[in-house]
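Alright, structures below, take your time with them.
You will see two complexes here that share subunit A, one where it goes with subunit B and one where it goes with subunit C.
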Partner chain A sequence: MSTPEKSFWDKAQTLDRRVLYAVLIVLTATSLFFKTEIPVNPDDSSKDLYVSLMTIDPSKTVLIESDWTNSTRGESAGHFEALMRILMFRKVKFVVYSIADAQAPQVARDALMRIQEERKGQGLKEYEPWVDYLDIGYFPNAEGHLQAVGNNIRTAWGGRKERDDTGKERGIFESPVLSNVRVVGDAGLVVVVSASATIDIAVERLYGKVPLAFMVTGVMGPNALPYYQAGQIVGIGVGLKGVYDVEYMMKYGVNYRPDGATKAKVLYKEDSVVVAPVTEGTTMDRGARYFLPLHVALTLMILAIIFGNVAMFASRRKKKEAK
Partner chain B sequence: MNEQFYWVKLTIGVIATIGLYSVLYRETKFYRFFEHLFLGLAAGFILVALWKETLKPLWWDKMTGSVTIDDVTKVSTIDQPGFWIYGFLLPIGLMGYLVFSKKHNWMSRIPIGIILGFWSGQQVQIWWNRWGAQIYGSMQPVWPTTTDSFTRPYTEGMAPADQAYIAAQLYPSQAISNLIFVITILAALSYFFFSFELKGKFLKGTNTLGRWLLMLGFGAIFGSTVMARFVLEIDRMSYIFVEWVDQTSKMFPGGG
Partner chain C sequence: MKFLTQLAQLPPEYNPFWAKEPGNDALLWIFLTIGVGIVGMLLLTRVPTRARRPIVWTFTFLSGAFYVIYYLWPMPIDRDAREIPQGFVEQGGFFMKDALPRVADIANVLTFLLLCLGIFSLTKIHSARVVKKQKDWFFSVVLLVAMVVMVIVGYWDYILKEFNDPNALLTKAENWGTVNYAYDLLFDGLIQQMDAAMFSMIAFFILSAAFRAFRIRSVEATVMMASAILLMISLMGAVDYQWSELIKGWTGDDPAHMLNNLNLSQISGWVKNYLQIPSIRALEFGVGLGALAMGLRIWLGLERGGVSV
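Now for the complex of A and B:
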């Protein structure tokens, strides 16, 4: 008994998934080499994040909770690098710590070193450990640790030591970075760069004690946005769009009109707020590089879904007609 | 040397990426090798990091204290005294492992009980911190306070008193946005009324609307997740075709 010959539409429905993977890899890899600036209207949450970062009192230290690893490098590295560039441009001191994963501190260190190298190459001032920033590593038991930070940061971090600028090990609160921090509220902002539920823990333990801002992955975005809606955090960047939004505002500012321009590229809900762009170093980087490939990948997916459905209906119709 | 080491590091990363992505073609020994390599490295790294970043600074150093010996005078000074009481944390922590012993597993309840006690004590405060503001934020005004303009006018260049007046008003476009929010939250909540039978067109309609709105929400969440996964693939491609190729061309100029 011979099997009936498969029509084009039947074959289209049983297309080997590996063909799609191959097309995806080729298209995304190729589009990485096209440098285009896609105009966007940044999300309100991203605008609030950028405005908060650009208006922090530079004498206040920013605490960065870096809770991402290489598994989300595509999004989180972009967030972290943009954050570093903004803080270094504004000469704000910062502390980096992690509570989600023991691998997180090393990944943050690598990203920080990349930015330091980049600044060195651009002839800009490098941030000095102990003097300008502290990298204090990993703390286990995320809930207990943030509870302790909220209650008494000096006790919670009291055991940590780092090498000072002369190479001697000293308690971190002797550093110029933390000497002005007695309670967590003395920090200008806590920025959580996260790919996990540590954002919930930060809100539960620190909300009301210090302003919070989030830079999260696309997966965590829907979980985190209600905090922004309810005013529990001052701003949030979500996924690659969030990275691109921040980079775009780093280039064009908010409500900012360069000489001769009649309209600002990015408008803000408060017309009186004008935030200038970042005028040194790199602005558009990872977010800008990945934004076009993301559009290509999403277009491919949409086309594949449409094609698959058309094939299904056409195949059904053909079978009906044959009957 | 540093550049060479960086290139070797990147190259190993590229081989590992190809190894792990090879599962897209078929599960092979090549893929299995890199899967096990990844798991082993992660486990080993975490073990070292836990000692270096956690147990040593937070427990061992506090227990033993620290002393500095002057190189010239050989006089030692105590930088930080040791607190022997930290030693008691070790047996308490180890008791947790007795959960595997039939005879002594009651002892594992001691550390578990301590953790549960701390956890329970925090719940009231953290629940309110997380949900209190969201409950408050859900109560949005839905009636416009002015119809001078449909949307909030731009206030740039206006006098501060006018800006403050405009900021205090609720314009129709904002009211509609708030209304959609309030309808969504009420409809979604009504979907979870399981304890009584829903009778009447209004209750059934609200329940159905809630189900549709929830599905719309899940669709948006799924879309966001898919986007995130694509970015991970794009980053790996960038790692191989941009970072590694760039570093290779620096290492072997004119050659590779």
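Now for the complex of A and C:
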């Protein structure tokens, strides 16, 4: 007995996965070569994040919890770099620390150096360690550590030393960056750039003591959004869309109308809030480079789902007709 | 209690052993801590089996009790460093607040000892595998060599940058030596790139799964697929923007027009705010209750797995 010949739709359903892989590689890799500016409506959470970052009192230090590694660099590196550019533009001092992954400080250090090199190339002022920022490394025991920071930041970080601008090792609270921080609430903002559940710990241990903002991966977004909805964090950038949103607002501002423009590119919930764009250095970078590949990958995914289902229904119909 | 309050409030010039300056006796204390930790662990292995459970439970209970009391005890707010506590409750609050970083330090030391234990265990198991030439022993060689090389190069690089570079010249790549390049190659060139490569592979599996498994076979699957596609489209800024421009054209840019509800960001926002977030909140609430119950069982020694030895 001969086996019935497979229809096109039957074959489509058993398509070799390597074909899918090849299509994905070719299309996303090709689209990476095009750095495009795509007009968007930034999410409300991204707008709140940008407005918070652009309106922090520059005399206050920002604490950055950098808990990402290169496994999520597609999203987190863009978040971190945009954050660095905004803070350096606004001349806000900052401290970078990590609590989730021992690799994270080095990854953050590398990203910071990239931004420093970029600014140097653009003739902008480089941030000086000790004077403008502190990189205080990794603290194990995330839960206990953040509780200690919330309790008394001076004792929690009291043992850390860094080299001052003369090369002498001194306690970090002698640095101009932290000299004005007596309790954690003296910081302007704690920004958690994370790809892990440390966002939960940050809310549990620091909420109510200091304003919190998150820059998280798309995977962590749903976990973090309840905190935003509840008003426990001032803003949040989620995934690659979040990176692009922030970069887009860095370029066009919020409720901001340049001379001659009748309407702002990005509108905010409060008309009275006008936030200018970032007017020095790079604004659209990693988000703009990866946003088109994201479109391509998502389109491919949607087409794959539709094609798979069409193939299934067509194949069923063929079989019914054959009977 | 008064003594403990005073102890916790020792000014820095007393230089207690937990605040030793690096370069003085810090190394001595580090090695002493390691020594005490190792002796403690060895002693624990000599303890009769029947006594192990009460010992483990006692330490678990005391550790948990500190945080429980810390949570419940009234704590000083905006306290001045020179303030002297009055009365039992205030003394307790001051003591707890001052002792918290020390307890966190103890947890850090324990984490370090656990790391040592992990390295010891890994070395023991994989060395035995190599010596006995068990199946895939070559991978054990790779693991051991990678671990040793990374530790040596990592520490060497750290010592060079931390102790032999007072002018911070090594922060710039042009001043690097062989060891710094080796560390950069191992960390940024290998570990980080492999990390990224492993994670990016998920994209292939997701696409393959989307094509093969995401099928409309039931009402639930249909609802799930519709919301997934909607959220994916809303992530595509170009589509969302063009669609919203189209709607603006229909509504004449009137923000009160009913058709504004058809904006993709509005729909996906509604799905997120009214379906996704409440579901996650409910899930987290359940997980939280479970964690609380499990924590209580372990703390009170009711969970056999928590304190079994």
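We adopt the following convention: the second predicted complex is superposed on the first by the 321 of 323 C-alpha atoms of A that agree within 3 Å, B and C clash if a C-alpha of one lies under 4 Å from a C-alpha of the other, contacts with A are read in each partner's own complex, and residues count from 1 in each chain.
Heads up, the rule we're going with is that a residue touches a chain if its C-beta (ideal position, glycine included) is under 8 Å from a C-beta of that chain, and two chains touch if they have at least 3 such contacts.
These figures come from a predicted structure and were not determined experimentally.
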item: Side-by-side fit of subunit B and subunit C on subunit A, or clash; value: clash
item: Partner chain in contact with A:D57 - subunit B first, subunit C second, else both or neither; value: neither
item: First, second, both or neither for A:R205, with subunit B first and subunit C second; value: first
item: Touched partner set for A:E280, first subunit B, second subunit C, both or neither; value: neither
item: Partner chain in contact with A:E128 - subunit B first, subunit C second, else both or neither; value: neither
item: Partner chain in contact with A:E174 - subunit B first, subunit C second, else both or neither; value: neither
item: Which of subunit B and subunit C A:L24 touches, first, second, both or neither; value: both
item: Touched partner set for A:Y290, first subunit B, second subunit C, both or neither; value: first
item: Contacts of A:L32 with subunit B and subunit C, given as first, second, both or neither; value: first
item: Partner chain in contact with A:N151 - subunit B first, subunit C second, else both or neither; value: second
item: Overlap of the subunit B and subunit C footprints on subunit A, listed as residue numbers; value: 21, 24, 28, 71-74, 103, 106, 139-140, 144, 147, 159, 161, 169, 218, 222, 226, 229, 239-241, 294, 297-298, 301
item: Partner subunit C, residues of subunit A touching it in the complex; value: 13, 15, 17, 20-21, 24, 28, 38-41, 43-44, 69-74, 103, 106-107, 110, 113, 129, 139-141, 144-145, 147-148, 151-152, 155-156, 158-159, 161, 163, 167, 169, 183, 218, 222-223, 225-226, 229, 239-241, 244, 291, 294-295, 297-302, 304-305, 307-309, 312
item: Contact set on subunit C toward subunit A in their complex; value: 19, 22, 78, 97-98, 100-101, 103-104, 107-108, 111-112, 166-168, 171, 187-188, 191-193, 195-196, 198-200, 203-204, 206-208, 210-212, 214-216, 225, 228-229, 232-233, 235-241, 244, 265, 269, 272-273, 276-277, 280-281, 284
item: Sites on subunit A touched by subunit B in the complex; value: 18, 21, 24-25, 28-29, 32-33, 71-75, 77, 102-103, 105-106, 137-140, 143-144, 147, 159-161, 169, 200, 203-205, 207-208, 217-219, 221-222, 226-227, 229-232, 238-241, 255, 271-272, 289-290, 293-294, 297-298, 301
item: Subunit B to subunit A touching residues, read off their complex; value: 24-25, 42, 45-46, 49-50, 52-54, 57-58, 61-62, 66, 118-119, 122, 126-127, 129-130, 133-134, 136-138, 154-156, 163, 217, 220-221, 224-228, 230-238, 240-242
